[in-house]
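Two complexes follow with chain A in common, the first pairing it with chain B and the second with chain C.
Right, the complex of A and B next:
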């Protein structure tokens, strides 16, 4: 799966938990889920579960805790997809 | 679970009157919890809800479902039953529908089924029944178990 495709799919997952959808317009790899998108810690867990489902992968808790930026999430998904 | 450990779990809940809405935890395992509470005729909120016509507020029904469905189950799942200082909880979301009124003196039963418990987040499908067995309200509740300070 291409990185662009992963980003698009991840954005779809994240979108559900973002209250102000306008902040999604400027999304970049550096976008921080908590600081920039205002996602709370409870919804971070939902994003991890939804990501696992969307990509049919399993994300261990240690990796999950690193999933705080779009780039980190893409890297984790790519590495799980290729393992 | 034995009756003693169920009552120990109930005593571990971090609430006191007038905001404790659990008389007894009846049954609990890794996926399910059942508990009950009887709303006393002199609960403080009946004084104002509603004027001259006391009815249990929906937020109190939701809170009752959260104390049994989320907090009791969360404490059980994190092996903190009996702990003198259980970890603090944050109620993070609720999506609840109400069907019936609950009047002063009524006893309700709450059942909670775990949707998931992961990385400190617990999500539960809960239902409340009145003593006639009618569904009073139901919905999905979530909470986070915060790290102890």
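Right, the complex of A and C next:
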């Protein structure tokens, strides 16, 4: 799967938990899920679970620890898909 | 230093979020749930643990711990379980903290602070928020806090301000001067929380 495809699919996952959808327009790899998108931190768990379902992968706790930015999420998904 | 968290129970109980397969396993170990489950039920206990761990994480960030999302690395062990307050300790990757979770009808409030011989005198203020969204509520919370503290401390309007540093740690300022308080802010659903204490060291 190409990186752009991963980003688009991840954005769909993240979108569910973003109140103000307009912030998604300015999304960049450095965008922080909690600080920039104002996602409630408890929803990070939902995002991890949804990402596992969307990409049919398993995200271990060690990887999940870093899943705080768009880039980190993309890197984790890419790595799991290629392993 | 101290960290806090507030959980609006109307937002979480019944939403099914904590009952989602895999959810609680991402947050806590079964051994952490065990002492609470009988008295409070599994869903409620999961949120008690979440609040405890979030408050400990905020303390950890203030203590310069690396940013991460790892609730299971913040292990809460209750030592005194009462109907309206659970007290215990939380092991973080940096240190052992004392954590108290206060159980109100509409929300849970958790505060974690450095374990010491004497319990610090933590000031707590809870606010009802009605802003249209997280960002608006965050702004409203800061305004309510500054307004109330200005009145209580008999200060001048507009002098108090809350700013966060690059690690999102909040500080209280009077004019441009940082005040010697450790503060922690949280909001969730319809509720906002300020906890603060006079800072001894940092």
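One rule holds in what follows: the second predicted complex is superposed on the first by the 83 of 83 C-alpha atoms of A that agree within 3 Å, B and C clash if a C-alpha of one lies under 4 Å from a C-alpha of the other, contacts with A are read in each partner's own complex, and residues count from 1 in each chain.
Here is the rule we use: a residue touches a chain if its C-beta (ideal position, glycine included) is under 8 Å from a C-beta of that chain, and two chains touch if they have at least 3 such contacts.
All figures in this text were calculated on a predicted structure; none of them were measured in a lab.
One more residue to check, A:42. First (chain B), second (chain C), both or neither?
Both partners.
For A:66, decide between first (touching chain B), second (touching chain C), both and neither.
In the superposition, A:66 touches chain C alone.
Going by the contact rule stated at the top, is it chain B or chain C that touches a larger number of residues on chain A?
If we count touched residues of chain A for both partners, the winner is C.
If you stack the two complexes on chain A, which partner ends up touching A:19: first (chain B), second (chain C), both, or neither?
A:19 sits against chain C, while chain B stays out of touch.
Under the contact rule defined above, give the chain A residues that sit at the interface with chain B and also at the interface with chain C.
Common interface on chain A, chain B vs chain C: 40-42, 45-46, 48-49, 61, 64-65.
In the complex formed with chain A, which residues of chain B make contact?
The touching residues are 90, 92-93, 116, 118-121, 142-144.
Which part of chain A faces chain B closely enough to touch in the complex?
Chain A reaches chain B through residues 40-43, 45-46, 48-49, 61, 64-65.
Taking the complex as given, what residues does chain A use to touch chain C?
Its residues touching chain C are 19-20, 35, 38, 40-42, 44-46, 48-49, 52, 61, 64-68.
So in the complex, which bits of chain C are touching chain A?
Contact set of chain C toward chain A: 12, 17, 20, 22-23, 26-27, 50, 54, 67-73, 133-135, 138, 168, 188.
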